[in-house]
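Shown below is the structure under consideration.
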Amino acid sequence: MDNYPVLIVVAPLLAALLAGFAAWIEERLSYPIALLGLAVSTFAAFEVLMQVIFFGPIRYEMAGWPPPMGIEYRIDLLNAMVLLIVSGIAFLNLLASYESVNQEIGDRTGSFYSIYCLFVTGLLGVTATGDLFNLYVLIEITSLTSYAMVAMGDRDRGALASLNYVFIGVIGASFYLLGVGYLYIQTGSLNMTDVAIILQDYHGSSTVLTAFVLCMVGVWIKMAFFPLHAWLPNAYSYSPVVFLRVVAPLMTKVMIYVMIRLMITVFGFNYIFKTLNFADAVVILATVAIIFGGVMALAQKNLKKMLAYIIISEIGYMVGGVWMGNQLGMTGAILHILNDALMTFAVFLGVGNIIYQLKDVDFSNLGGLFGKMPWTMAGFVLAAFSIIGIPPTCGFFSKWYLIMGAFEKGAYHFAIALIISSLICAVLFFRVFEICFFPSSSQDNKQKDVHAPGKIEEAPVSMLIVSGFVSLSLIVVGLFSGTIVNMIILPFLT
Amino acid sequence: MYWPIDLIVLTFVIFCAIAAIVVKDLLATAILFGAYSFMMCLLWAVMGAVDVAFTEASVGAGVSTVFFVAAIFRTSRRTKD
Amino acid sequence: MQTIISIKPLLAVLVSLFVIPVLISSSGKPNVRESWIFVSGVIKFLIIFSMLPVILQGNQIVLTLFKISPGADIAFRVDALGMLFALVASSLYIITSIYSIGYMRGLNEHGQTRFVSFFALALTATIGAAFSANLLTLYLFYELLSLSTYPLVVHHQDAKSRASGRRYLTFILGTSIGLVLPAMIYCYHATGTLEFAPGGIFSGQLSKPSATVLLLMFVFGFAKSGIMPFHSWLPAAMVAPTPVSALLHAVAVVKVGVFSIIRVVTGIFGVDFLLSFNLGAWVATIASITIVVSSCIALTQDELKRRLAYSTIGQLSYIVLGVALLTPKGMTGGMLHIAMHAFGKITLFFCAGAIFVATGKKYISQMVGIGKAMPITMAAFFMGSLSIIGLPPTGGFISKWYLVLGTLEGDHMILLFVILTSSLLNAAYFMPIFYKAFFCTKEEAMFGAKIVEAPMMCVVPLVITALISFGLFFLPQPFLDLAGLAAKGFLGG
Amino acid sequence: MTDLLALIVAKYNYWLYVILMMIGLYAMIAKNNLIKKLVGMNIFQTAIILFYISIGYKKNATLPIIENVHGTGGGHIYAIDYINPLPHVLMLTAIVVSVATFGVAMALAVRVYQRYKTLEEDELRMRLSEK
Amino acid sequence: MKFLGFIVVGLAGAILLYGTGDFPDWGDPYSPASLHISKDYIEKALDQTKVPNIVTAVLADYRGFDTMFETAVIFTAGLACFLLLRDFREKKERFYRHTPTGVILHVKAGKKILDGGKEFEYMDKDWVPSDLIIKTVCRILIPFIQIYALYVVAHGDFSPGGGFQGGVIFGSSLILLAISYNLKTLVKRISEKMLGVYAALGVLIYLGIGVICMLMGGQFLDYAKLAPLIPFDSNHIRALGMLGIEIGVGIAVTAVMAIIYINIVSEGRHDEGL
């Protein structure tokens, strides 16, 4: 079937609308509808990836109009991979979410599923599209849904965090839109490949330079790259956990993808690394981001906040890798999109299970958790190892490529920052493990025998299965990272 | 297009924009914001973007202002700056 | 020399991994669980043992699992050195598993299933490290071992074990991530491969200063070897239950550290390369300092397990020293010491544990006259300490003999002096224990004449290991041959 | 002098959009009241729309609606006679997006007020630190 | 904060002004933006789509995919306002007016709420009595506004306007009803459920047309493939397709405008407001 590319995006949108219907007519239907939509999307994404791997990039012309005039989907190896990541994670998350949605959202689950699907639609659309303006519209869909979701979580502080997120998000999207405007005035086109061809004659133009800066700043704001990260910790830590589990792994990663796409496809490597010369400055900024995220994470007393700062640090990895401007760094960054999405997802699945039982993830609450929720914690530990970068989990291998890239460029500060960040993550997570492994101090007083086997109070089975599956996939992806690099990333880069 | 019209409207636009954010009453802000939108709409109409102007007239000067007033009705018109 | 592709190394590694789910599922039935451990240990040993003849003929067994990137795969290769180490670890695992049954039940410890599961995991990692074909695989199993040991170290879940666990992780993870990882990636970046090759992987990419820095990063980075100043995790880790201290902190974990250093020195840098820059001296110096200092510290320790720990630190540096000599005899002696020290030291730890189980005593000052109460244990203790000091008729003598020959061969008189001095120090910190245990006046004795040996399950293993230590003096062949073979391989024919 | 004048005539529209945008951005960053910030946000967005519309403008051209469709007029259509329609299309979408954002932001402001009874940022900070 | 604001704004302004340096002159008919694809649009749109309003042609056909997501954005906004504000709890205190006598009852929290009786009329807290003129004028105006809105939707192919503008105007007429009477009147006429369904339905019409094109063997939103379904005017099939989606947009926008207004003005309780 030729329509798989568009089906990836249309299926969740359709599911969102039908779930919106169902919310008013028969609310129980919303969940299966949403699940079905995302399943179709995942399947289509898988098919597309296979097609792209074996038969080369796919172009899909919307409404049958040829590209510069109409909007086209242009799916190559990179976005095929990202599409599968996004749809797969969104589907798995929904699979695990039935109980927690009922617990957290309560009386309006139908609308929640609808908006969830819209969010996923936005992310998928951003990834699939080959049109600069279409990208903007879809970014706005993801943003609007995230504003709503963030405010849904914490009843008290959610709305304020969300409003601040709105301000920053709008600035980011508007900068991007301005950048597109500057590109348009210079080239007269909105199609990425078309723009790229025309741009080759304008490398010296101040308009193009401004367009590039604006696009980058816009995307950086959206991905929370240091020092434009201020919105992220609050927005993430107050949103409902079901949403958190999908926004934390996907949002920033999709924005990294957008950055790579703009850099490779639209502006071109020659322009960025030969004509312009601030790649070094960006790498230094990324280095600072990595260290800053780690240090701030050390200061947190809440698991969600801590993870939010780790995400900021991880963004530094990928931005730095991309701006390294060599094949190794780029490979590392792209591989890290996959790996970071998976491991962030896994770690937040663990957090979700804990929240389902405990309601709160302040460190003071976590004592004795290994005894109470052994399976959840097993998944959490694997994910944490991956974030620290311990082989054979996948996080190690992308870090490997990133450090190699840094060596090749001679950016030793970046390599050192990566190592330090690994160490900081080790400290962070082992602190958590320690708290969870040892019985909490309050229990010490109450219980006489602290070593008595605690009662097991696990999360629902559906959540555990997904969490286990994703955590194991971290190892599998890690072991097959050579295959992934050879099949997807290297053919894309060369 | 006759450029003085353009210039006059532009001046009004900027005047309304500044006024909307400095005035110390949110209801006044709402109305000035409506005026700003309407001026903007005029400007676009002058530039030949009739569709956009139409939309701005119905949205910016119309519905947005209503939302604005509704929100002020439910919150407060007090502002410190 | 032939290269044989076989799945056996993978099986040997995986046996104790696959037994973990079985252990967890039979957590309610201790006897079933314990028999599974025993069975898996025996199977593992048999698989490894079945590869011995092939290796002794000078062949290698290889298996590539996952291709990560060219020159850095997840792959196994069994050679003489790996075989030597795997043989020691897997045979001692069987004995330790018997011992731990007695120890854990004797003390009625909590969380026994968790304990045995992580123990099995740790052994998986140890064998994996022993069979690694390249630095990446080695690093993988090295980290796995660090992490799987953590729950064992903090097994008691009290404040003291928390502090020790922290120190353990800080040193082990900190050095491996902070030093080994960048050094490894730098090597790969410079050469495009991480395979252990007999002559090293460098061919003119490194200047002397950078080679020195890189070597020191590796040597200090593998902090499991207890090289000073990154040694203090080992005494801290003694809060763990004694089977852990015995197998992991006298054999598996620490020897993986030393083993990794040997691999890097011989396989990554290569003997010729190190000789050309005279880098062996650096390593030898560090090792010598560690030997002397740790022996002196051991003299001051009153807690028996801590004294053993400092003794271990010193003995590990013998191995490093032997390899750093870069001479055939020295290397043979160093590698042989892996086996000899293992059997001797594990005996001592078993004894310390048996004393704790039987009497609850931890401090040497409380053990006056214990020889009368626990004659078998203390006899084994004597045998073990002889082996560590390096006196006949024990295996320790042979390895130390080769070490001494090695120093003479390389004409390092200072190092010879170091070895001899530290042997004296060894004697100085072991002999008083033994002396006080048997030869004390009635007034001094803290124990009655009644015999209070530990349970059977504790005593039998320590007798076995003591006898093996003794037997190795007369029959060191398999280990000696393997070590000689390995040294020959590393020195290039 | 004439050059300068020519430059001003050629570019003043773009400059004015920059000024408007700066006003909006300043309000978003520096204003204390959340609703004022929202107004700033809207000014910012309309400034961008103005920019796009300015791109599309052509001198001596008419609206992008083709005349004489039903008559015999026909003939060839010359692009130079009609104002560029593409920026208009894009900006229709952008306006829709901005009104949607505005609505959601207003809803959020109402929620914030429900909870804290104020929309001033400094007072909100005080409330937050009280807890 | 003010200082920081100045710096950031100054920086952004400087970058933007720097970028304008290489702009073509304002209104230059030969600027790249006017030459490349926009030329094709102007010269071919009428031919290819039979829609004289090029803006509509580009909006609904060439870039119809964008517009679909634009509608989805609107739908999202409505959904977001509902999720954020809707409050199903009963209001604590209510006011009722006894119509024959004009006496006002204040029913406090926990007290029984009067219902049903024809003499008692539920009223807003901020009720203002003299609204006869406003009511009458609006009652006359609203139908005209709505007809105008329908015209704008339907005539979007030929003149400025289209689904979005029409929808907003229609939505405004509903809001006007709420303002001139009271919120209850609007909620009674169009229930919340209907608004929710309409909002989804509007986008669904758009999406559905796209999917049907796909099922007919074309690309997504390729209206030309609808020809077999609408046999009577295959020449204008693209224009008809556009009309279809404009209607969808109109429905969705109308519903969403009403949803946003109702939720904001009543803090999500749907009982009283402006």
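Letters are used for the chains, namely A, B, C, D and E, taken in the order the chains are written, and counting of residues starts over at 1 for each.
In this text, contacts are C-beta pairs under 8 Å (C-beta built on N, C-alpha and C of every residue); 3 or more make two chains touch, one makes a residue touch a chain.
Quick caveat: nothing in here was measured; it's all calculated off a predicted structure.
Student: If you apply the touch rule, which chains end up adjacent to both chain A and chain E?
Tutor: In this structure, the chains that contact chain E and also chain A are D.
Student: Could you set chain E aside, keep the rest fixed, and say what connected groups are left?
Tutor: one piece
Student: Going by CA means, which chain is nearest the middle of everything shown?
Tutor: The most central chain here turns out to be A.
Student: Tell me which chain's centre, taken as the mean of its C-alpha atoms, is farthest from chain E.
Tutor: C
Student: Average the CA atoms of each chain to get its centre, and name the chain whose centre is farthest from that of chain D.
Tutor: C
Student: Using the average of all C-alpha atoms in each chain as its centre, how far is it in Å between chain C and chain E?
Tutor: About 74 Å, centre to centre.
Student: What's the distance between the Cα centroids of chain A and chain D, rounded to whole Å?
Tutor: Here the centre of chain D sits 30 Å away from the centre of chain A.
Student: Taking each chain's centre as the mean position of its Cα atoms, how many Å separate chain A from chain B?
Tutor: Each chain reduced to its C-alpha mean, chain A and chain B end up 38 Å apart.
Student: How far is the middle of chain B from the middle of chain D, if each middle is the mean of its Cα atoms, in Å?
Tutor: 11
Student: At least two partner chains per residue is the criterion; list those residues in chain D.
Tutor: Each of 9, 12-13, 19, 25, 54-57, 59, 61, 64-65, 86-88, 90, 92-93, 96-97, 99-101, 103-104, 106, 108-111 in chain D touches at least two other chains.
Student: Which residues does chain C have that touch at least 2 chains other than itself?
Tutor: none
Student: Quick check on chain A: which residues sit in contact with 2+ other chains?
Tutor: Chain A, residues with two or more chain partners: 133, 137, 140, 144, 147-148, 151, 159, 178, 184-185, 190.
Student: For each chain, which other chains does it touch, given as pairs?
Tutor: Result of the pairwise touch check is A-C, A-D, A-E, B-D, B-E, D-E.
Student: Going by the contact rule set out above, which residues of chain C touch chain A in the complex?
Tutor: Its residues touching chain A are 65-69, 73-74, 110-111, 136, 139-140, 143-144, 147, 151, 154, 157, 162, 165-166, 169, 173-174, 177-178, 181-182, 185-186, 188-189.
Student: Touching chain D in the complex: which residues of chain B?
Tutor: Residue positions touching the partner: 1, 3, 6-7, 10, 13-14, 17-18, 20-21, 26, 29, 33, 36-37, 40, 43-44, 47-52, 55-56, 59-60, 63-64, 67-68, 70-72, 74-76, 79-81.
Student: Sort out for me which residues of chain B touch chain E in the complex.
Tutor: Spelled out, the residues of chain B in touch with chain E are 50-51, 53-55, 58-59, 62-63, 66-67, 69-71, 73-74.
Student: Of all residues in chain E, which touch chain B in the complex?
Tutor: 53, 55-56, 59, 160-162, 164-165, 168-169, 171-172, 175, 179, 257, 260-261, 264-265, 267, 273-274
Student: If we count contacts the way the header does, which residues on chain A are in touch with chain E in the complex?
Tutor: 3, 6, 10, 13-14, 16-18, 20-21, 23-25, 60-65, 68-71, 107-108, 111-112, 114-115, 118, 121, 125, 131, 133-134, 137-138, 140-141, 144-145, 147-148, 151-152, 159, 178, 182, 184-190, 198, 205-211, 213-214
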